[in-house]
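Input: one structure, supplied below.
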């Protein structure tokens, strides 16, 4: 599907190969449509290869024919699924061409805005607005992931039996991915503003969107560090519980092993065991048990074992 | 609320749209006030967006219309709460405009100082003074956090049962946040001095305040590393205590399990157990117990188990 | 073996020392052949040393006589074996010379393509195409290794007894190697494009292949980080199982040690033990056993030990 | 206290405000003395603030009025105490002014050397010599700390019970501090040589002292890494001992639990237990004990448990 | 000892202060010899200090009088001992002077080669050749250390009782040292080629030797990372063995503690225990033992504990 707008007043029209003063948007372009676009615009071969390669990452380049940027972002940033989408922008001196497989969130927002209003009627202004809305999707995702980190934090602090490690692992992987994508988008924007032949006002805009991507990167980075700390805390709490378990086992064993031994001694069948005959023997035995057990318990109490 | 001062002599006056030789300060500006400011000063749209966005971080930019810096700092650095505030400064060639939602600590200190005295009567001098006082709030916070780290250190060295890990976790998070804010303020200052059209004397001042932010960053960094070492020390002491517990359990088990077995043997009911009839049987049994137990105890003693 | 093609139309011919407008490819060159090449082309001595040194890594240099790049890549990237191969390219202003010990995957693909078609008939275009196909072998390897990481992940999540650590270790080593080779290839390409006397169109091509190598590096880096997280997850799951084992041991010991002690007490042979004669003694004993055991079991149940 | 020397011949004289061809040294300057110095020399206000601020770190700046460097170093580097001192140097084109609270080790060494000899009679030469002697104090400290690391290493290898972790913690903190101070001194020197208006011969000298500070930094860095490895070794040895303890406990338990059970069985009071009446019953019991115990012991022996 | 060669034809001759067209080599120079050298050559004072300081590290500087490089390397790289040596080279426009305390491996190899042959008859060519042979000693050392890492790897995989941690610790320290020395040599070479007044051909040579040092650094870095992984693997295998030990202990305890309790119960001396009189009591007891023990064993079997 190919659609086009005049940059000057935003009016949509049926594209027939015009190449000046317009924004052309092609989604899921067929081979015929691609051929039309190549006939109308001098599209660099390497740029087009990047556009068509499934899974390509964010990248920018100043080709002799045009500036070029392709940016990968998340398709559903308000959920935690990993589905991504990509928008490629060809910036000519008097036209802008956007290519994508099924459109992106940013494109869906900016296309209706381009109704000829000021600050959205030059190729670089359109590019800036698209990148700025792309950056916003990363902020949405950061909010989504932050909410999940908060839930995990609560679980760790409530010290539940259910192990949070596998969930931390999954979430960390998501965050690392998001950080990588945001960083790649940032670097592409940096390259675009470094090499593209843009006015000072355009450069200020590109630095603004770079700053947005950088803030997104830093939020993801902060979330990742927080998650790492959270995992350390969980492991430490788990290890502390383990210590308590071992202290319990040791204290009970140390108290009852000697007592059981003594009971075993007085259960031996030697014929000559004078104390067995004494009328106070049994009372003496229980006194020994209580004394020894009590002393050991007091000792562990004083060492702070419970 | 909008208030204004003459830069030359510090005199306050009722601002009616003047734009030269003055410092205008607007706090919690209403829409009407914002419109007045925009009418008087050529405020860059992107800069204003950053000012109005809640939660924006520290940033600087040289816009065609003016230099701009916005700096986030702590509102109550003498406590450990995380509440932050932000001051935005528009630096024109002959005027300075400060915007904030409720003022900041630095602003409250510098506004009364601007009574026309030397070194505080040009836009860049006002900016420097505001940034310098902002940097001081980070030093105050570093003192606050240092005191808390010292308390935690004492707890770890006193080797209390109460687990310090959750507190270390909270404090580390605070310090990491503070480090990030100080670093972002530093980078904004670096950018301001790199791009702003300032005199060599202004640049020397900005490098001075950069140095202050850098020192703050390094103090937080040092605190964080110290906290990490402290946690390692705690874990190591805990693990050592665990080892002692296990050694106790093992020694007691190894001594009493054989003895209990022997007592069990002599408690068996076989008819033909000659030693049970011997008048010295019982004495022999106790001698065995003492000998075996003593040998094992001596062995553990020599291995240094207690 | 020495073979040659005309760059203009790709025609193969029998090389007799021609040095202009051609691509000469020498594989497993004999001393005689090397002497012929040195006689025809001004090959830099240091470059030739690098070519002939077994095990040399990727490197590029602009010698006074020619540009030079040598790139090491994997010979069988669709398997996980570590076998590598190397291709050395001498780029003259009007000729290109490739040297290798037994050819490489990239060479085998590009040689037949060089049939005079556009974008493959200058020395730098041949070099670009060879490097681009070399970069592709790293993507193939990344796919191979990704599949293996996935298998390991499944094993960890299924929580098998069979320890995955040794396999993680082997795979991590492979990935680290691959990351290093891809990174060295990238750096060589960067150096080639920085120093070589190439046209802007050549530079755009070299940046494209740099970007490919960078993506390969980042995929390997991502795989390595993922593997590290996976290992942490395994260790954490293992440690959790260990905790369960210890809890089981402790609970069973804490329940049965006191009961066994009590049974031992009532098995003692004192003559005066009134409860032994009571007709309800045995029932009382069992009641005690069940009560004590039940209380302890309920206590552990409430602490969530099973 | 203010004292002064002629740079040309090193002669000391009573300073009365002279500002050319001299080295003025002020220690613990009173307010009056400071006023005298400010009257004589154009001291930059920001530089003076840094000088007077207690606890300021190393820093250099090229002020419009003069070059300036302030360097913090250790007061007693031959001991391991943390006491530091600081020397501030104002470098004018024809005079040098040094300020400190109580002098420093370097100052005490260089002041007597400045007797007019070559290579010590210009402001930059004096500055170089002071910095060079300051760098030497870091080498002394590195020797001191190295000796302590060696002692700790011996303790770890002798595998003493006394836990070295707290000492490692203290020493690591000291080394980290020292590394930071040396690094800050190095960076100040780098800045001084980058901005100061110095001759090529001066620059060569400054690079020499930078190199000294870098070597100090790297020695501290090396010590810290060594200490980290040492701690890992200690933890690993401790964990190994723990393993041995657990193996001992397990082996003894696994051998004696079944034997004790068997003895308990034959100690039961059932009326119909034929083997109890057999004349070979007791011998058979002991044979069982020895056989079972021996088999289990052999099994553990073969598994290498002792 | 001082010896000299003509650079043009390599002829050795008795040095009497000549300073042009020659290579002078001084080893273990006496004070007299040093004075002779200083009289003949304008040796920079700071360079000479570095030469004479015992333990100085690798460094290069372009002094006004001459270029200078001093490189520390291993004296016996085919063994794993830590003994190092150092060679200092003064590069004049028409002469080269080498100083060392007892010669170095590289010097011993290059001196006889300097027989006037091409590519070894200018000061920079001699310097290059010396540095190149020095780099080779690091490759030899890398081979030596690689062989030791391989041995340790085998030990870890054979899973021996003998703890490899102390050996890993020693070897890691050696490798870290080697990496540092190689890196310092590399940086010195970089500095030499950056500042020295050398021809393009000389610069290509210096970049070649830099590349060699970089490869050495990376081999040591790779070895260190491998060793770290190996240690992790060992710890993981050790921890797994520990888990098996604990599972054994727990299973045996959980099976035999209840059985021993039951045997104790039937060993009690209550008068009214009806089952003791039953003719099937003993058989019932054994049936209980086997049933309970069997069920528990089956349970552990199913949980995969052995």
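By letter and in written order, the chains are A, B, C, D and E; residue numbering begins at 1 in each of them.
FYI, a contact is a pair of C-beta atoms (placed from the backbone, for glycine too) under 8 Å apart; a residue touches a chain by one contact, two chains touch by 3 or more.
By chain, with names taken from UniProt: A, B, C, D, E = Putative CorA-like Mg2+ transporter protein.
Note that the coordinates shown come from a computational prediction; the quantities given were computed from them, not determined experimentally.
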### Task
Just send me the rotation angle from a CA overlay of chain B on chain C, rounded to the nearest 5 degrees.
145
### Message
Centroid of chain C to centroid of chain D, CA atoms only: how many Å?
### Response
38
### Task
List, in ascending order, every residue of chain B touching at least 2 other chains.
246, 249, 253, 257, 260, 264, 267-269, 273
### Query
Can you list every chain round the ring, opening with chain D and moving on to chain E?
D, E, C, A, B
### Summary
Seen from chain D, its contact residues with chain B in the complex are 44-46, 50, 57, 59, 61, 63-64, 161, 163, 165-166, 169, 172-173, 176, 180, 231, 235, 238, 241-242, 245-246, 248-249, 252-253, 256-257, 259-260, 263-264, 266-269, 273, 275-277, 279, 281-282, 285-286, 289
### Task
Name, in rising order, each residue of chain B that touches chain D in their complex.
119, 157, 200-201, 204-205, 207-208, 211, 215, 218, 222, 225-226, 229-230, 232-233, 236-237, 239-240, 243, 246-247, 249-250, 253-254, 257-258, 260-261, 264-265, 267-273, 304
